[in-house]
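Mind looking over this structure? Questions follow.
A, B, C, D, E and F are the chain letters, set down in written order, and residue numbers restart from 1 in every chain.
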Amino acid sequence: MQHWMEWAVAFFLLLGGSFVLIGSIGLVRMPDFFMRLHGPTKATTLGMGGILLGSIFYFSLSPDSISVHELLITLFLLITAPVSAHMLIKTALHHRLQAIERTQGEQELKRGQAHASKEGNRSGNTDN
Amino acid sequence: METLFACCIGFLTACGVFLMLRGRTFPVVVGLTMLSYAVNLFIFASGRLNLRGAVVLGTSDNYADPLPQALVLTAIVIGFAMTAFLVILAIRARADLGSDHVDGKLPGQKHAKREPRQ
Amino acid sequence: MRMTPRFSWLPTPYRSLLLFVIWLLLNQSLAPIHLLFGVVLALFIPYICYRFRDPQPLVERPLLALRYILRVFADIVTANAQVAVLILGPVHKLHPAFVRVPLDLQHNLPITILAGTVSMTPGTVSADIYPCTEHLAPDEPLPQRWLLVHVLNLEDEAELIATIKQRYEAPLKEIFKC
Amino acid sequence: MILAWILLLPLLGTLVPLLAANWRRSACALATAIPPAIALMLLLYHGSAVFAGETLRYTLGWIPLLGLDISIRLDGLAFLFSLLILGIGLLIILYARYYLSEQDSMPRFYAYLMLFMTAMMGIVLSNNVLQLWMFWELTSISSFLLISFWWHKSEARRGARMALAITGAGGLCLLAALLLLGQITGSYDLDVILASGAVIREHGWYPLVLVLFLLGCFTKSAQFPFHFWLPNAMAAPTPVSAYLHSATMVKAGIFLLARFYPAMAGTDLWFLLVSITGLTTLLVGAYLALFKHDLKGLLAYSTISHLGLITLLFGMGTDLAAVAGVFHIINHATFKASLFMAAGIIDHESGSRDMRKLNGLWHFMPITATLAMVAAAAMAGVPLLNGFLSKEMFFAETLHQHLLGSLSWIIPVLATIAAIFSVAYSMRFIHDVFFNGKPKGLTKTPHEPPRYMRMPVEVLVVLCILVGVAPGYVIGDLLQAASFSVLGGTVPEYSLAIWHGFNLPLLMSVVALAAGSLIYINRKHLFDFQNTLPGVDALTAFEQLMAALAKRCQQFYNWLDNGSLQRYMVFVLLAIIVLAGAPLLELDTLFGGRPELPVDAVNATGAAMLLISAFATVVFHRQRVVALLMISVVGLMVSIAFTRFSAPDLALTQLSVEVVTIILLMLALFFLPHKTPKQSSPTRVLRDIGLASMVGVVIGSISYAIMTRPFNTISDYFLANAKTGGGGTNVVNVILVDFRGFDTMGEIAVLGIAALGIFKLLTRIPVFKPSSDGEGRPWARERHPLLLATVAQSILPMALMVSVFIFFRGHNLPGGGFIAGLITAVAIILLYISQGVDWVKARMNIEYQRVVAIGLLIALLTGLASLLFNRPFLTSWFDYFKLPLFGEIELASAIAFDLGVYITVVGATLLILASLGKMTTSHRPTHQEPT
Amino acid sequence: MLAKVIFLVFGMISLALLLNLWSLLRGPSLPDRILALDTMYINSIALIILYGLLMGSPLYFEAALLIAMIGFISTVAVCKFFLRGDIIE
Amino acid sequence: MSHLILLPILLPMLTALLIMLPPVHHSPDRRRWLSMASTLLLLVMSVWLLSQTLTDGVTFYALGNWQPPFGIILLADTVSVLMVCLTSFLALGAICYGSAGEDERGSFFHPLFQFQLMGINGAFLTGDLFNLFVFFEVLLIASYALLIHGGGKNKTKAAVHYVVLNLAGSAVFLFALAILYGTLGTLNIADMAQKISAVPAEDIMLVKAGGLLLLIVFALKAAILPLQFWLPATYASASPPVAALFAVMTKIGVYALLRVYTTIFGEHAGPLAGMASAWLWPLGLATIVLGAIGVLASLDFRKLVANLVLVSVGSLVCLVAIGNTAANSAVLFYTLHSTLVTAALFLVADMIALQRGKAADRLVSARRVAQPVLLGSVFMVAAVSVAGLPPLSGFVGKLMILQAVDSGPAQIGLWSVILVSSLLVLIGLSRAGSTLFWRVSGQPANEDKAKPLQVFAVCWLLSASVALVAFAGPITALTQQGAVQLADIPATLSIILPAAGATP
């Protein structure tokens, strides 16, 4: 039992750690802002989940205690991470950050930018 | 570890001081914030470093020094209050004085007169 | 769809339940004193927070909601694996795209949940939510809105829109009955 | 005690004119005269004892620590001076009644005059040198007021200021001298000091003391080269001049010479300094007096000259010379007072004091003219008048001294020359004013003054004559008594006879009279010669000097303090480097012997990130938002460091403060420029880097030295007593709310006050609201993003829940009221950010300052509650209760205290952030926004 | 074994944090930097949890919870600043 | 146990809070009267405390019942309580002046004023170094807020300088505290005194570094050259009642110097004994000189008064450097005198400025004041007193200063600087006075007359100058006793730390 749990802890921790790392790698590797955004906001959720699960198992190793409050961190991250992402992307739209050339749906991006700021609204109309 | 910690404190202090020597309110605020990090770490270090000894009774047999921690807490709160006041004062100064310059006479003031000619 | 609470002393029952669970998780204890305290707080806090809440549709199908949550969790896990591969793979093979998803949902809470879900799931991020018409008279019904989504690697736009609408939006409409 | 009244009465007399301000002028003058008149009678009452050689004393303890007592001493010298001060003072009161016009404030004048009289009486009656100095300075102040009585006249103000500056400077020198005398003799008692002459003169400090002492005397007595203030003090009303420059103010210096004669005189240095100063003053005064066209100017220089004469007499160091000095004090006082008053009458009744305009007044005011002529003759040393006698004694003394060895003859020669000029200017006074044709350009027709205005002059002139005719009877005893006290007991034989036969002094007098007349008759050539000399206006020169001084001071001050905050800061930093760095240099090694903890890769990474982000903050500091992002990494790393080094409470606090700080700075940055312009020169940057790194090195080194040293601390006590005495297992929290709860109370007070201050700063602030961001982008349209708003609304209850949790566990586990408060506040701030001020205000209209007050009040009352149980403030209480079903629970007063903390933190944080947020809401035009 | 795993994971997280810092320094745009900071906050939750594991102490949990709950507010505030200038309006 | 010693700290705090809450909150009159009444009560209580201290000697109050050195203590000795009395006396004058209308020129005047009193009194009474820091911060933050009361460019500008410098000072304070804690292991001042004599040789220099850093902090508060730059603008621009209250602020720095460098680094401190004197002495002299120069350089009267503050600070610092009983006694007396008189001068300056129209207190020709007799008299009294001329308190103070040194180069240095600066001050004041009152052009405006409460406030403060002379005997005896008590460290230690043994 104990042994099994230790393996679980190790697995989840490694899983989490990897995803955290992958997310950050994505942040560095991706060519434009919108693509960079995918790395951290996703990988960190599972990455965090892994680490937290590891923690849950770890602290539940000893027979007289269990630890479940890590779930709360997950809960809060799930609630808040999309908001950060949303606000960031809004800022990017507002700042007219360019997506890489091959991005599809350029009109949608323009429309998004147009919606972001008043002035953009006008120029957006003339562009179309 | 102590060497590293001391280096961090010294470097934070130096950065904070350098920023406080800039002639505008905002860098000064940032510098003071940096300096207060250094101060807090310094106070904290005065109780010596301890890696596993959180001062909650019954969780360890080797406790860190709780007193500097309490002092740092007080210092953080006071530092926050002071920073807040200074930040708002900086806004007020900008509003009242038209500039956030605090380094004596503004060098730009001389240039301002020349500008129309150029 | 209902937007007014059933009881004035328990305006948001699911929220209270959530808070109660949070309290127990925080304390990691089922001791009677914590239960009592949890109940008191779970009743009291929503009561005082009710005023800081715009009217939202209430959850009508709690079980469906639970199913929705589990489905999203599962999707998150798979999504993460996919994205991990994408991130580590060759960058030039990615086909990023902006996709506009027309929404049937009209109320903030469901839209937020949908947007959050989209952000959490495979290779998509909710970029923006905006109405179809820019200017409205005050008494007109709420307009249809669009969800702008950025996709890391778009394979089929129509399929993506369909997935979002069926897999997530439809259950949400059902849950909130709106 | 009666003695004390002599001093006290004039003091009370200061109030009399003020109380009698609304009475008729004569009544006011009369009332004013009553106290000094009584004082004079009391003085005379003591006369017999004094003449018998007694010294009367009265002492009242005052400041024993300083050796300063109210101590009165009446001996012959004091008696003589008191007589002059009170007697002439009374005459002046009478005279001033007529002299002052309706526009002049008579009560004010009399009050000043009485104050001055008190000061003078205080000087002459003091038996304590510190008390003497006190009155000495009081004469400076009161004379300042008197000279500047006509303050609307520029020369009066300036003259008064100059007099004050010169006599004030002298007074300070005198103070030093007196204090040194006190140190030498071990007492500030005049009796002791006068009896310690030998000790003083042999003491190593004697030259210094003497110089300082003489500076005091000479400035007051207008001795060369400090004489210039006196003529300019003539801007005062004439009664003032008559009083100050005949019998009182200027005589104070002379009095001091006489007073300390037993203690200080009798050395070569004394002779050299005093006699040469006196001689120079005598000559310069006499010479310059001749050329003054202003009546009072002439009299002023004549006064200077006569004071020089007296000084010279005291400087010669022989007993007889001292007696002559005392005698001339009396004589000068009488004739000079009368002359000043006569000049005042002339001025008053003819409208001018310019001798070029005043001519032939004999026809208009024969009685006054007669009086003035007699007094002037006395001044010139004409026989049968008092001036003659003392001048004869003076001449005799100049002949008997051998102070300059083979050159000793110079002194009588110079004395004669001075006497010649004295005769000349006296003649000028008489002839130019009363004869010499007709008045020129007077504004009014001169006439005799009112009866009683002339009376003081008459009294004094009669005295001049009486003394001159029958000196022995009139003045003998007084002179004897005064000389007795000046010389300290041994008065030489001297004769007060009018006629000493034909001798050298008489010859000198005759020469003086003859040559003086001759000079006066041929004055035109002399005047022409004098006119070719460059004129020096002392007043202007002094004012220019003062202005130059002020200017220099301003230049220096502005050079030092250029208004640069950074310069001020540099001094603080230099102080740190020097004061904290210097001791480090004396350390052999920083390492203190405590083994270091090992460094692992994770910690090294953390440290590296901290250093990099700190450096990046500096590098990016001109892009302010980026700098903010960088410094939040620093904050994050610091929090992690706290976690790493076993301080979870700190980590929690730092993290929550961090969030609030960023919100605050973002709020602030809206109103500040987003970029810092580049202004520092490379040298400046280099200097700053140098300073900063030195400070960093000093602080880092100290920190290292401390960390590596073994340590004994009081903290073990807290660990041992937290649970048993404070009822909590989180020792940090127990320290905060219990062991050092008082600190925490102060700390939350700081937070609360800061919030109030910020509210105050933001009221009626003329804000600058940018309409676009730093790069010229207009602001985004959507004010409250939908996602954010919804999430904020759902975060709030959860955050409150967590707050409650953190709050209650704080006593035993990391957490507490402060962190809980910040979490609550942040959650509410998130509402503000996501929904706006109006939205929140519509739902919660609370005045946050009241919340702050309530929070602080709770903390305070919790502390006070222990007083009810007769325990000291903030004594904690806790107990464990067993409840059925629920088990054991702990209740502690610390929780109530922490509740106060919580509420204060919430209130203060919201007050700060919300009032900053509210600044713009009321003005911003509302956009229609998509909901 | 567990200790080694924990240390390995520490290494991963540290590397991740360094990468975040690199992104933060590199930018190039402001939203990129904010994103990097946001990621850093979240990654530091992992770091703190790991510290808790390393020391076998649950005392560090609240710090992690706090970051998860209110850490995003900094990001939101900065974004709001760029969008509207006035973050509380 | 007597809780009386708490009152000077808690009463102002309670008052501040009550003023912020209903029913007082909304009525200006209620705010005023509560504030004034409380300050009066504070004065009565302080005097009572003083009389108690005189009978009981040194006593301490262990907050939270935690005995020293572990808990925070308040220390009542003659010096600390005398300073509290001074503060209360001053505060009553300032608050009365402020209540004549100045208080309505911005929000929270009375609460902030009371908080400031709380901070000042706390700083005087505390026996714990970190608690001293906390109270420093309380009084500073209150002073920051009060400084900007009334608004205006000058205030804002001065406030920025004042706040930033003091924040730097606070950082230095914390560095110093941490060093002292890290070497001595305690925070209680008496306990530090106890432990300093047992510091191992290799730690001495660290303690010295800490002690000297404290010197920077206190020097900054006291405005000693070259850390005085904040003072002139701050004092000259502050609202008059605030400037009056600020008159005691520099004295807090001096008090802290006195307390720390006699108690912790006193004679028993071995190689560290008297380490501050070497710095304080020349800097004190230089401060006097600079102040005197500033007096002559000032173009407006309030700047002039601010420079007078510098002169007084310099004198006090020199005395602290001398450090003997006579000097310490002089410190106490001169502090009482200079604080109250300069405070009065700030108020007088304001009354004059208000009546001179646009020229305000600038030293230029302007219209005549509406109440020349009243203002002239109070000016005269204050000027005579501050210039150290008889017969007012300044001259007693000056005599005490001069008598405090009685040998060697110190005497020559101090005497010459004091006497020359006295002369410069005299010249400066006579110039200022004659310009303000006598160089008039234009008629007074009668509506500007001083309000009775203002007149009372000024007279109240100036009456102290008279009283200090009239009762100079007993008062100097009191200051002497305070100085003796202050220097008697073993006796104080035996009271505070009886268990640890009395010998430091």
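The definition used in the following text is that a contact is a pair of C-beta atoms (placed from the backbone, for glycine too) under 8 Å apart; a residue touches a chain by one contact, two chains touch by 3 or more.
Since this is a predicted model, take the numbers as computed values, not measurements.
Among all the other chains, which ones are in touch with both chain C and chain E?
A, D
Can you give the shortest number of steps from chain B to chain D, where adjacent chains in the path must touch?
Minimum step count, chain B to chain D: 1.
On the document's contact criterion, could you list the chains that touch chain D and likewise touch chain E?
Intersection of chain D and chain E contact lists gives A, B.
So, comparing each chain's Cα centre against the centre of all protein Cα atoms, which one is closest?
That would be F.
Averaging each chain's C-alpha atoms to get its centre, pick out the one most distant from chain D.
Result for the farthest chain: C.
Among the chains, which one keeps its Cα centre farthest from the Cα centre of chain F?
So the farthest one, by centre of C-alpha atoms, is C.
Could you compare the number of C-beta pairs in contact for A-C with that for A-D and name the larger?
Of A-C and A-D, more C-beta pairs in contact link A-C.
For chain A and chain E, what's the span in angstrom between their mean Cα positions?
One centre to the other, that is 11 Å.
Provide the C-alpha centroid distance between chain B and chain E, rounded to the nearest whole angstrom.
Averaging C-alpha atoms per chain gives centres 22 Å apart.
Report the inter-chain centroid distance for chain E and chain F in whole angstrom, where each centroid is the mean of the CA atoms.
Taking the mean C-alpha position of each chain, the two centres sit 48 Å apart.
Using Cα averages as centroids, what's the distance between chain C and chain F in whole Å?
62
If a residue has to touch 2 or more other chains to count, which residues of chain B qualify?
In chain B, 20, 25, 28, 42, 45-48, 51-52, 54, 56, 67, 74, 78, 81-82, 85, 89-90, 92, 96, 102 touch at least two other chains.
Among the residues of chain C, which are close enough to touch at least two other chains?
Chain C, residues with two or more chain partners: 22, 26, 115-116, 126, 130, 134.
At least two other chains touched by the same residue of chain E: list those residues.
Each of 17, 30, 34, 59, 65, 69, 71, 76, 80, 82-83 in chain E touches at least two other chains.
According to the definition of touch, which chains form touching pairs?
By the stated definition, chains touch in these pairs: A-C, A-D, A-E, B-D, B-E, B-F, C-D, D-E, D-F.
Spell out the residues on chain D that touch chain A in their complex, using ranges where they run on.
On the chain D side, the touching residues are 777-782, 785, 787-788, 791, 794-795, 798.
Would you tell me which residues of chain D are touching chain B in their complex?
562-567, 569-570, 573, 594, 596-599, 603-604, 607, 610-611, 614-615, 617-618, 621-622, 624, 627-628, 631, 634-635, 638, 641-642, 644-650, 653-654, 657, 660-661, 664-665, 668-669, 671-673, 676-677, 679-680, 688-689, 691-693, 695-697, 699-701, 703-704, 706-708, 711, 713-715, 718-719, 722-723, 729-732, 735-736, 739-740, 743-744, 747-748, 750-751, 753-755, 757-758, 761-762, 765-768, 812-814, 818, 908, 912, 916
Within their complex, state which residues of chain B touch chain D.
1-15, 17-30, 33-34, 37-38, 40-42, 44-58, 63-67, 69-70, 72-74, 76-78, 80-85, 87-92, 94-96, 100, 102-105, 107-108
Quick check: in the complex, which residue numbers of chain B touch chain F?
20, 25, 28, 32, 35-36, 39, 42-43, 45-48, 67-68, 71, 74-75, 78, 81-82, 85-86, 89-90, 92-93, 96-97, 102
Would you tell me which residues of chain F are touching chain B in their complex?
Going by the criterion above, the answer is residues 130, 134, 137, 141, 144-145, 148, 151-153, 156-157, 159-161, 163-164, 167-168, 170-171, 174-175, 177-179, 181-182, 187.
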